[in-house]
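Shared chain: subunit A. Partners: subunit B in the first complex, subunit C in the second.
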Partner chain A sequence: MIIRKIQIDNYLCYYDSNTFELSEGLNIILGENGEGKTKFFEAVDWLFNGENRELDMLVSAKKLNETEIGDSFRVRVSMTVEQYGEKSIITKSFLAKKEKANECSTSSFVIEGISENSSGERTQVDGQTLLDRIFPFQIRKYSMFKGEAELNIFESDSALANLINLFSEAKHYDKYSEKGTFLREKAEKAVEDSSKLDKKNESLYKKLEGEITLLEREKAKYLVHLNSTEEEIRKIEGNLQLAESHVSNADALGTLNKRIKEIEEKISHLTGRIDENYTTSLFDENWILVNFESFHKEFAEKVSAHSKTRREIQSEHDKQQGIKVGERKAKAELLNNAIPLPNNIPSKAIMEEMLNDEICKVCNREAKKGSEAYEFMMKRLKTYLESQVTEQNEPEKDEPLFKYDYTNRLDNLSISHEDNLKNLRLIRTKIKELFEFNDDRKKDIEELNEQLEKEKTEREKILGNSSIGAEKLSDVLKNYNAWQRDLKNRNQDQVDYTTKLKSLESELKAKKEEKDKIDTSSANSFLIKTRNILRDIETIFVDTKEKKFDEFIEKLQTKSNNFFKTINIDAFTGTIVFTRRNKINRTIVEVELQEDGRTFYKPNQSLLTSMHISILFAISELASEIKEENFPMIFDAPTSSFGEYKTAQFLNLIFETENQKILLIKDFLHTDKVTKTLSIKKEFENVRRNKAFWVKLERPFDPNNLKTINSQVITL
Partner chain B sequence: MARKDDILKSFLTHELLESKYDFRKEELPNTVREALNSDKPIIKAIALIVEGLDGTSPVTDSVLRNQVTQFLNEAL
Partner chain C sequence: MKNLFDKWKTRIPKYSEAHKDLFTSLSQKFGAEGEKKINLGKHFSTNYELYTYAFFLGLYNNEFAPIPDGEKKTDFSHHIQYWGSKTTISTRKDFTNLQENIFIALVAKTDIDLVTLEKGDLDEDDAVKLLIKTMESYTNGGLILIKEKLEENPNYFLQPTSFLNMILETEKE
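So, the complex of A and B:
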């Protein structure tokens, strides 16, 4: 599609009828500030997107001034385009009626469309429909840019989604990943419901479900932390780089930063080696026993004394026992080893009867009380009775003297303490060595801290030798060290969060596997198989979508860098890098410049503009490929940071690019200091272009009186 | 080739089908129509989803779910 003509009638500074007959390729519209460039851009923008309100603000003051009260005139912007050999004219206009001096009423606007086929046959069509057909709204969005700031389309989070919708087949895959998740979730639910019918594992299952939910919540929380930490790191790195860019001696600063980082790492390493966890050592390493030896000695002596006493008692006891045994043995020997009669013969009753009758009924002799025979019988009875008592006591004879052998245990304890004494004696040395080690490391750290301070002072000196004003510099200095500290802390946070996430993920995996195990034993097997297949399908859908996104981004990146190299020929050799980041609910793309893999956070405006224009050209080229046609691009003051020389270079380079471009710039104009007359500089002759215009206010004019303002269009 | 066939093909080139399901590239269908007649449940299920989302008459979420799960529950 080519814009062949733009006609602007009575629109602000464009008094009466003004025509721009445009060409394919590069069209340059020159103009001083305030002489009609931006109004041209706004007129085209009004044609494309303008709303039906405050139309009286768009009326040419000069035209209104010349109109009689009660008379009307038309305010109009019209565009003639050529597409596939057909011509279309789209006109947006409204009627302005002068009500009194400097005041007018307006009608609503109308958009008219005329379609003209190759044989010159014209048909009236709906203007808006025609516009949207030949120059779709979404593409218009990437066709018109006002100023340098607007060029950065990736400022908006929705940019990627828009571009993908327009230019990539990746858009078709979005719904698949969504549906894949939906189907998998339903299948998981079916399995869960089936598993829950099995009451055997009910409570364990519930517990697992609860734990999984908690872990997932925790994981999401840490993902948010990690994301925002990474964003913070990028911000801080950007701030530091900006601060560093103000410093004249950037190399020295780089070296200093490296050294500071190394010293900080050393300090951190040494601090890590200092072990001052004395409480743990006190108990776990038995330091508390450092003075144990004297207590042990006292203990050992007591145990030894006790043991001796015990042995003595035992020995006395054993002796007594031996005597008893000896007595029994001696008695036995008295009978000449003959077996003595049992004590119960004659029986107790007979003995008592014989004593009572005073007759020995064994030998049938009288045994009067007091006689030898009577005494003998009496003795026998006594022996017998004693023998009965002894028999009852006899089992007690075998009872040990000490029922429990605590003394032995005390002995063993004392021996084991004795063995440990060797190690305990070393504790004193260990403590001494540790204290010495910690003291030495502390001294090292102190030295390093001194070194660090020196390096930091040196860095501040370098930062002080800066290219920015003192007030701003003090801000930078104030923040610089804080940013460095923040960066260190955030980097640590990043490591911590990543580790935590990893552990949460593995815990989650274990729980899910446990739950799957219950599912396998409890749920219907076909439900499990369905779920497993749907899990795989979800993986396939999500991966494919990401792959398509990445392919698109890669394509955009390659194209952008091709343009970037062309625009920045002989200059900065960095690369535009697109990075896809998955936010919680959406995917966004971040664009950055990198030099040797290092992010270039704060490029100057001219570099930034080159980058943004390169991306826009890349998008335009993509649009050409996908829609199989070219669309025009209109830029108002895109290169204001370039300077004339670079602008000329830039124009010569984009002259080579394919599609139609309309560029409004204020360069190449010269105002004579004496006569105040405007002219076009000679240098513009060397700028390659297909067509050029000069919009210039008719002289003389009064800048404070709009009625004198009329932009004239001069075709060069 | 219809868009739905392109979409199907890009899913079927996923390495999981080769690594986990042991499908050889040459035995994979080229069109949704072929895939709907496949004797491999995962292929047919993917084809059902593609047909449901990018076929001639797109279906609602619940219809899609019924079609896919019913097929899988019976086939497995």
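So, the complex of A and C:
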């Protein structure tokens, strides 16, 4: 899109009709302060964004003065634009009617649009719609810049992120990642509901859910802490840099600060190595067992004495048992040691009958009284009779003497702790060693502290040598030391919070896995599969979106730095660095100027301006690549801190960029000291440009009388 | 095979209510760790740490002091087997070895007729009761020693080495 023409009628200092026939590329509008540059800018801004109010403030005083009471005239800003071979004219205007001297009423505020196709056919269309179509609102916002301060549109922390979202492909993934989150949440809910149906796990599941919520909340809290700590660190570093800029011997200060930092790090490292949790070591390192050996000995002796006693009793018992067994065995002796018949066979009655008849009726032989056979039978009967009596007295055969065995376990315990004894003997040495180690470290720390004091005194001396007044100096000194201290503390906080966050995250992960495990055993497997797929899909969308966003940032950074280097050719620049930070509910992008990886907090205005302009050009260039269309950019006095030489270089650079630019600057004008006449300097001839104008008040004029003010547009 | 240790560790030993203030002032019931513990002026992370400490202190000083019948007993509802953290193992260590050593000392110091026990004439529960009583007696002795130190010098335990020193001083000549 190209602005072909801007026409301004009776708008403040632009009396009657004034036309700027603009060209592609670089258009430079020169003008001294107060001669119409800014009013040009404001007129265009009014066309783009102006509303129907306080219109009488926009009327040309000269025109009003020349108009008869009761007569009226139109105040109008109009723009002719070319886009895709079509011409469009957008006009905003109102009617001013002179009521009395110096006073007018306004009416019929309109914004008109005319669309002209390639064959010259014109159609009337709605002006606002036409404007928004050819020059979208979001782009307009980043196309017009008034003064240097406004160049930093990124002061608001989400502005740059919004802008990047607008131009990068990341925005295409917005709707997908939202949908992805929505579906994943639905699936999670379905799985949870299904898991909850399993009453067995209900309470555990609820407990886990509670813990997860708690951890998430804790995590969010620490994220806030971390973010604000990081912000504070940046602020303190900025303050320190500003204070350092007052110091004459900045290099020496830098070296000293580095040394102080090193010493402080050493001290904190040593302090970390001193372990004085002696009471905890009593338990964790078993130090409390230092005097335990004798008790172990007592125990071991007791157990082994008991074990011996037990064996003796058992053996005596077994001996007694053995005698009984021997007797039984002797009784059972029979030919060839064959197993005898049971005692009751033949029966008692038969035995008595056989003894009576003196015949063994089993083998059918005589057994006279006194014979061996008779004696055998008699003994057998006796054994039987005895067995009938003694059986009642005899204890149960398999009943053991000891019902339980506690000895075995006690023995094992004694043996397993035997090995431990040599460790117990080492405890005293270990304690001594730790005390010595701690004492040595404490000595080291003491020495380092002395060194630190010396370095700090040295630093105060250097700070004393600063360019600011003595009364302010003590303030700076006091603050400087306090800031250094704060910085140290905040850095420690940062480390602590980061560690805490990490541990919270791993805890959270563990809990979630535990919950998933319950899901796997309780919930419907189809639901789980669906949920897992949806989880993956969400991750893909979110990751892709972030990746696209980061890619754009990287491109933006490269392009910005290219512009930056060219604007500041042969001078110090540093590197523009874009950092994406994730805050709780949003993403922000921060821009910093860095030198060797160190943030450069207080660059001078000229450096800052060139940095901002570089970023704007980079954005504009990237926007052209993506939209395949160029949009004009209008800057009012963007380079007032540059100086003429740098401005010329800057102009030559932006001459090379593709899109249309309208620049309003006050450079290259010369006022003759005697005649007070204005002229354009010769140097301007060397500035490359496509078109140039000079806005200049018609002479003579009375600076105190608006009625004499009339800006003339001179096309150079 | 029977195991007295397994039975013993399911018990909760008691202490005299006369020492309750020691537990509130010297130990942190909720398991504070590291800096927080010292900040609160607590020296023991848990009640059972103080209990264990008092037991060994009493044992080493041979302060066998059964809780008098007139004194009310209390406990902190924590079974011996759960003493020593199993969950925060990353920061603290497991107490199994200490539990076993306490048990060893109790068996050494308690008059239990093991023969009668193994013959089944002495009930296992009664044997464990005897062990617990020994434990309570030495602990009570240890707590009395701590109390005496505090009465002597209320600031005694502000030094990080105080509790360690009390144990080291008991070395037998």
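Definition applied: the second predicted complex is superposed on the first by the 494 of 716 C-alpha atoms of A that agree within 3 Å, B and C clash if a C-alpha of one lies under 4 Å from a C-alpha of the other, contacts with A are read in each partner's own complex, and residues count from 1 in each chain.
The definition used in the following text is that contacts are C-beta pairs under 8 Å (C-beta built on N, C-alpha and C of every residue); 3 or more make two chains touch, one makes a residue touch a chain.
Treat the numbers as computed from the prediction; the structure is a model and nothing was measured.
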item	value
Partner chain in contact with A:K207 - subunit B first, subunit C second, else both or neither	neither
Contacts of A:K97 with subunit B and subunit C, given as first, second, both or neither	neither
Contact breadth on subunit A, by residue count: subunit C or subunit B	C
A:Y176 touches, of subunit B and subunit C: first, second, both or neither?	first
Partner chain in contact with A:K548 - subunit B first, subunit C second, else both or neither	first
First (subunit B), second (subunit C), both or neither touched by A:K5	neither
Of subunit A, residues touching subunit C in the complex	276-292, 294-296, 298-299, 302-303, 306, 309-310, 313, 401-410, 413-414, 417, 420, 428, 431
Of all residues in subunit B, those that touch subunit A in their complex	3, 6-7, 10-11, 14, 16-17, 20, 41-42, 45-46, 49-50, 53-54, 61, 64-65, 68-69, 72-74, 76
Residue ranges of subunit C touching subunit A (in the complex, touch as defined)	1-5, 34, 43-45, 49, 52-53, 56, 59-60, 84, 92-93, 95, 97-98, 100-101, 103-105, 107-109, 114-115, 117-120, 124, 160-161, 163-164, 167-168, 170-172
Complex interface listing, subunit A residues touching subunit B	169, 172-173, 175-176, 179-180, 182-183, 186-187, 190, 525-527, 529-530, 533-534, 536-537, 539-541, 543-544, 547-548
